[in-house]
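Same chain, two partners: subunit A is paired with subunit B first, then with subunit C.
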Partner chain A sequence: MTLLAWSGWRIERRSGRSSFALVSALLSAGAGAVLCCALLFLAAGADPIAAFAALAKGSFGSTRAIADTLVRATPLILTGLATAIAFRARLWNIGAEGQVFAGAMFAFWCQSAIGAAPAYLQIPVIVLGSLCGGALFGALAGALKARFQVDEVIATVMLNYIIIYALSLLLQQGPWTEPGGFFEQTAMVPDQAKLPILIEKTRLHLGFVLALVLAAILHVVLHHSPLGYEIRAAGSNLRALQVQGVHAGRLILVVFALSGAIAGLAGAFEVYGVQYRLKSGTLGGLGYTGIIIAILGQLSPRAVVIAGLLFGALLNGSTLMQIRTGVPSALIYAIEAIILMFFLIAWAISQFRLRRLRDVD
Partner chain B sequence: MTARLSISNLSKRFGPVIANDGVSLEIRPGELHCLLGENGAGKSTLSSCLYGLYQPDQGRIVIDGEERRFRSPADAIRASIGMVHQHFVLVPTFTVLENIVVGTGAGWRLDTRAARRRVSELCQRNGLQLNLDALVGDLSVGEQQWVEIVKALYLGARVLILDEPTAVLTPQESERLFTLLQQMTADGLSIILITHKMNEVMRSDRVTVLRRGRVVGTVETGSITREELTQMMIGRQLKQIEAEDRAGSGAPAVVTISAVSLRDARRVAVLDNLSLELRAGEVLGLAGVAGNGQRELFEAIAGVRRTERGEIRLDGKSVANLSAADIARRGVGYVPEDRFRDGLVPDLTIAENIVLGQQWQAPWRRGVLLDAARMREHAARSIADFSIATTGPGERIRRLSGGNAQKVILARELAKATRCLLCNQPTRGLDVGVIEYVHGQILRKRQDGVAILLASEELEDLMRLSDRIAVIFRGRIMGILPRHSASIALLGQMMAGTPLEQAA
Partner chain C sequence: MWTDLLEAGIIVSVLAAAIRIATPILFTALGELVAERAGIYNMGLEGMMLMGAFAGWLGTYHSGSALVGIGAAVLAGLVMSLLFAFMVITLQIEQIVTGLALNLLASGLSTFWLRSAFSDVNKVPGISILQNAPIPLLADIPYLGAVLFDQRVVTYAALLAVPAVWLFLYRSRLGLEIRCIGENPKALDIKGHSVALRQYAAVLFGGAMAGLGGACLTVAATAHFVPDMVNGRGWLALVIVIAGGWSPGRVLAAALIFSFLDALQLQIQGVGIQIPYQLLLAMPYVAAILALMLRRKAGRAPTMLGMSYRRE
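And then the complex of A and B:
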């Protein structure tokens, strides 16, 4: 396919993959993103080099900083994985956002029921509760698609609103509101229910390791299990699976439940690993950022982990950057978008090549 | 006589693949010129270069003594080249006249009166009965093709490229098309006909044979035999496979279809009270113009589609409540008509596609995971057995040619077909050599006592391979003939809707 042609040169689609093209495209994307961010810092009135230095120090400067980076990355890795697994099957689950809430809420509800039970009971209940909550909420969107052919993008976006406001309702002078409290939040969870801290004097909790283990499991599931086979096949040609007798509706339901369960876990880890209470503000946005991470990670579990770590570092470093150089930490969201755009462009470009035509006449 | 169109030393490459390699060719005024070649021989690339869809990397195109370069089809049309694609590009909700004049660059206003005059003049000169005010969606496929041809003429085509024009026609419609083509060439039009059907090639004035992107030769059709042409095309001699005639073997039925009816989404009957019997060790040929219910019949037997009325029995048991997977497990293999849509997963590998549908089943699983090593081994064996041209079991289907992709489906479905094999257009668009191989495989299955249903648009193939031939028209069986009493003429009549009893 020819895209463009002018006097003796032509841009056309590559017939194969070239790792040289990919690597050089990605490197230039990185450079472009850095340059663009530097301009942004200049516009914000800061010295770009100082800003980058502060960003780096804030995210990797000390054991504590690194631990915080990993903590920030944990929910993003999970929502990225959740989105990636659904997108792999060409199911556009935009609902990781709501499934995070559902997981956190269901886990909170289950954990409240056992109250002050010992820790060895608490953590399984929290983990299973969040998996179930997310799975059920994801399966709801899946059922709407499988049974009534409701477009999954519409269904998941709408369900996001429903669950977010449902939580608000429960927290605003509702049954879950902290007794005597003023904010939209629950009381602190009991100490036994807090996820174990892995490194002393940091906030790094068990959830990070679980997220990595989950990424490894998903990698195996996706590439070496019958279910993963069906997910990849559905993403390429669902019709061929149906001709072979695979029940498409059932597959859609399973994928949505799986995707929702993973997102739900992110919610519970935030509640029991970081905030130690359920409040709506800190859960918001995790799911949507997960979409960016899934796409940056090319829907591959391993790369999603890397993309999640990168974004965790950016988020974590932005605070120090604001303190040191006055660059508003909110700019980090613009940086996230810049990175995504540059990388998308790089992938697109690496599919093409420039070629010189010989002897046209 | 000077050439109307001459191509010299034209080359076009796609990455490492050379699709056209120094092709030179001359088309004379008023000549019907055939381009013959296997898939991937470079016919389509060549015609796309002529029509401005591709730009050649090198070479010259000269029309009436003037060198031309096309950057787009618009340039080609301006240089009086017209093309009728295999898939028509018509607007069904527009009238014939509107379809012909739409996008002809007359500015914003259409001068319908002048256009109507010119179009009816064109029809008259070529003896075409076209109602200019009929909606194109109401026309038969053959008539729609005329609209495409008239449109090209209306745009001033003096060289007309036809890409496999008879693939969608009944034998009678093809006959009319050729009469029309002869009339038009007598009128001075030059026609380039792309085809792989030998009987059509033999009706042209000259043939240019392409092989692997190069011209093997251009010959006067009158001075060469079919066998010689085939040899030029594939570079070796071909042995025709013919099944021995043993109609009416009286073998037991494996699949019994009784009074099955089925309607499509628009509630139009696509299968209408249809009954058939597939017998062990017998090939039942299914003839019919595309879109008369063949696909639905195959899907109903394979369990992909539910019937509304009637019953399908496999080895005496009703399949009404069985899924496609259940039916496959009972020994039914299904080769679907549209291989890339229904039969393959393009982003998965050959090894993965060969077990498609069996991903949960015994030999391919080790514990909860897939046994990749065993799948690879199995695929390697299939690649060798079916001589699939590929780099190995790990290659993605997306990168295979149509013929090799079809072999992957055959490897999978033949292995499943221990009782019944359903083949809908198994050789469409395949190279002659591959077709020969596929036919051999089908007959081997017949030897093994498998019941076979074979639909093909190549009536000659059906008449060589089938024990009996059923003709389907609008979802009904027009009649079933033993092979020895079938003829192209008779089958053609039945395909157009005449029941066997009334057909002469």
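And then the complex of A and C:
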């Protein structure tokens, strides 16, 4: 600082941020992330250009690849939205991870009860079941915060671990175990319960459209409803909101339930749209990736959709990348985090500006 | 079978295991305690431990020396925490978000590194782990010797770190300044002492300790590195700092209670009592939530915890 002042410049905080700052932050984050990826490709002994090409071909190379990208993006958009809505209220719900599980499990439980009922009954039951499951599990974390002042970050992380063990218990020796099966998974769901496929010969299912509709609804709720106002106001100043007569505990509970419900939907879509059975492996990591997506999307539903599509493409392309170049697809998780780090840093730097002291005084 | 648990031999082995298991969490929690007293809430502990575990394993594997491994782990913790400190202290990015980002980074990087170095998942090499180093004479005391004085070197170090951190925080000038930053950073700033510098020091110390704690999970416990093997211990360390009321002695007590639960569940599985292992493994996380629900009486959090200091 002193060195800088001596040279006649100083760093100061901007009063407001321009959209130019946002765009340049995004661009520099993108450039930095690409550069880091190239280094990681080299470290793994692969040709970066070939690896990027395989990544792009795997995610957008054909109708099928694009459809798969959208399929991969669906749960990420949902967990991104779930996280964004909670973070907007400065409620740090890290529990989308566990709420995905809760939604999938509750939907599975409800759907098993109606068994092979006709398809027009199945989808509402699955959707409502997952919403309820996610909402209940989310509200549990909310209640711990509102009633017992338990830090929500820690509470949700602990609940994430607990529910994964709970599912494992139900799948291993419990009533949900696939009869005669060796793996920790349920039997296949009945055909009527599978979500309809939108484009023939692809895996693109109804869930994708529902996720987009939900994003639009959340946009409206956030910006044009009393609840949205309370959420945004809680994010900037909870005390002021309480003075206005808003019951903080109730708001915390509502936000957590809402956030959990959205994440729960992601779980059900994975089970009934992609895997057609309930198992632990494929549900893991969706919630944590959703946090990255929410932050990259600036906690705005529209941008979350875009970030979700980008990450869906990355995940989808990574399979072909691994086959073609031998780069482990685990790289994608490193890349996701690197993109987030670069974005956070670039965004933070864009708050500051350099000014010549001569111009200041 | 439950009565088996009450035999003297079993009790001694559970207590010895509790102290052994406490080691990684104790290191990490003590480091975090110092960082939190300086007002910094490091939610990236899980990631720092993970990088420590990975670096410790890789360093030991390449050099054949546990000491090199531990050194590599401390270095990994320092690098991670330097990045964290730069982001939250210099750039003043939200501490929670930064910590989470670091966790994801550590998880991705360590898995990628592991997979690209050893592409065959089934042929990941093991390392030879640290053995117990009984202290002469003391280890021969009946019962107590086996519990306290027949442990690994890192465990003795972790136990000695408790009074060391206490002495540092309450009997040294820098310790006083760090505690002051957590309560009233402006007071220090007005006197012309750099708040940021001391916060950097506290965070780096926390990172080094988390790296060390992570190293204990591989170098002193298992021969293999498994992706995401820290499995919530970094988060439990955060819980222990809160449950321990931000004081070194009570942090030790909290760490021992948690590790006792862990040791107990291992023993319950060991003597063949039929309880689904998932219930046993979920126990520490349930206990963590209960501990936070009931913590009312524990000490008060530093006033400035989690808020970045900004000059007016």
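Note that the second predicted complex is superposed on the first by the 351 of 361 C-alpha atoms of A that agree within 3 Å, B and C clash if a C-alpha of one lies under 4 Å from a C-alpha of the other, contacts with A are read in each partner's own complex, and residues count from 1 in each chain.
By definition in this document, contacts are C-beta pairs under 8 Å (C-beta built on N, C-alpha and C of every residue); 3 or more make two chains touch, one makes a residue touch a chain.
Keep in mind that what you see is a predicted model, and the values were worked out from it rather than measured.
Undergrad: Quick check on the superposition: with subunit A as the shared anchor, is it clash or fit for subunit B versus subunit C?
TA: Because the two structures are overlaid on the shared chain, the partners are seen to fit without clashing.
Undergrad: Identify which of subunit B and subunit C touches the larger number of residues of subunit A.
TA: C
Undergrad: Identify the partner contact of A:Arg239: answer first if only subunit B is touched, second if only subunit C is, both if each is, neither if none is.
TA: first
Undergrad: Looking at the overlay, what does A:Leu265 touch: subunit B (first), subunit C (second), both, or neither?
TA: neither
Undergrad: According to the stated criteria, A:Ala54 is in contact with first (subunit B), second (subunit C), both, or neither; which is it?
TA: neither
Undergrad: May I ask you to decide whether A:Cys37 touches subunit B, subunit C, both, or neither, giving the answer as first, second, both or neither?
TA: It touches nothing on subunit B or subunit C.
Undergrad: For A:Ala257, select first, second, both or neither according to whether it touches subunit B, subunit C, the two together, or no partner.
TA: neither
Undergrad: Counting only touches as set out at the top, which of subunit B and subunit C does A:Leu309 meet: first, second, both, neither?
TA: A:Leu309 contacts neither subunit B nor subunit C.
Undergrad: Just how close are subunit B and subunit C at their nearest CA atoms in the overlay, in Å?
TA: In the combined three-chain model, subunit B comes within 5 Å of subunit C at the C-alpha level.
Undergrad: In the complex formed with subunit A, which residues of subunit C make contact?
TA: 43, 83, 87, 91-93, 96-98, 100-101, 104-105, 107-109, 111-112, 114-116, 119, 227, 231-232, 235, 238-239, 242, 276, 278-279, 281-282, 285-286, 288-289, 292-293
Undergrad: Which positions of subunit A touch subunit C when the two form their complex?
TA: 40, 43-45, 92, 94, 144, 148, 150-151, 153-155, 157-159, 161-162, 165-166, 168-169, 172-173, 288, 291-292, 295, 326-328, 330-338, 340-341, 344-345, 348-349
Undergrad: List the residues on subunit A that touch subunit B in their complex, please.
TA: Touching subunit B: residues 2, 5, 10, 14-16, 220, 224-226, 229-230, 232-233, 235-237, 239-247, 357-361 of subunit A.
Undergrad: With touch defined as at the start, can you tell me which subunit B residues reach subunit A in the complex?
TA: On the subunit B side, the touching residues are 14-17, 54-55, 57-58, 60, 69, 71, 299, 302-304, 323-328, 334, 336, 340-348, 352, 356-357, 359-360, 365, 368-370, 372.
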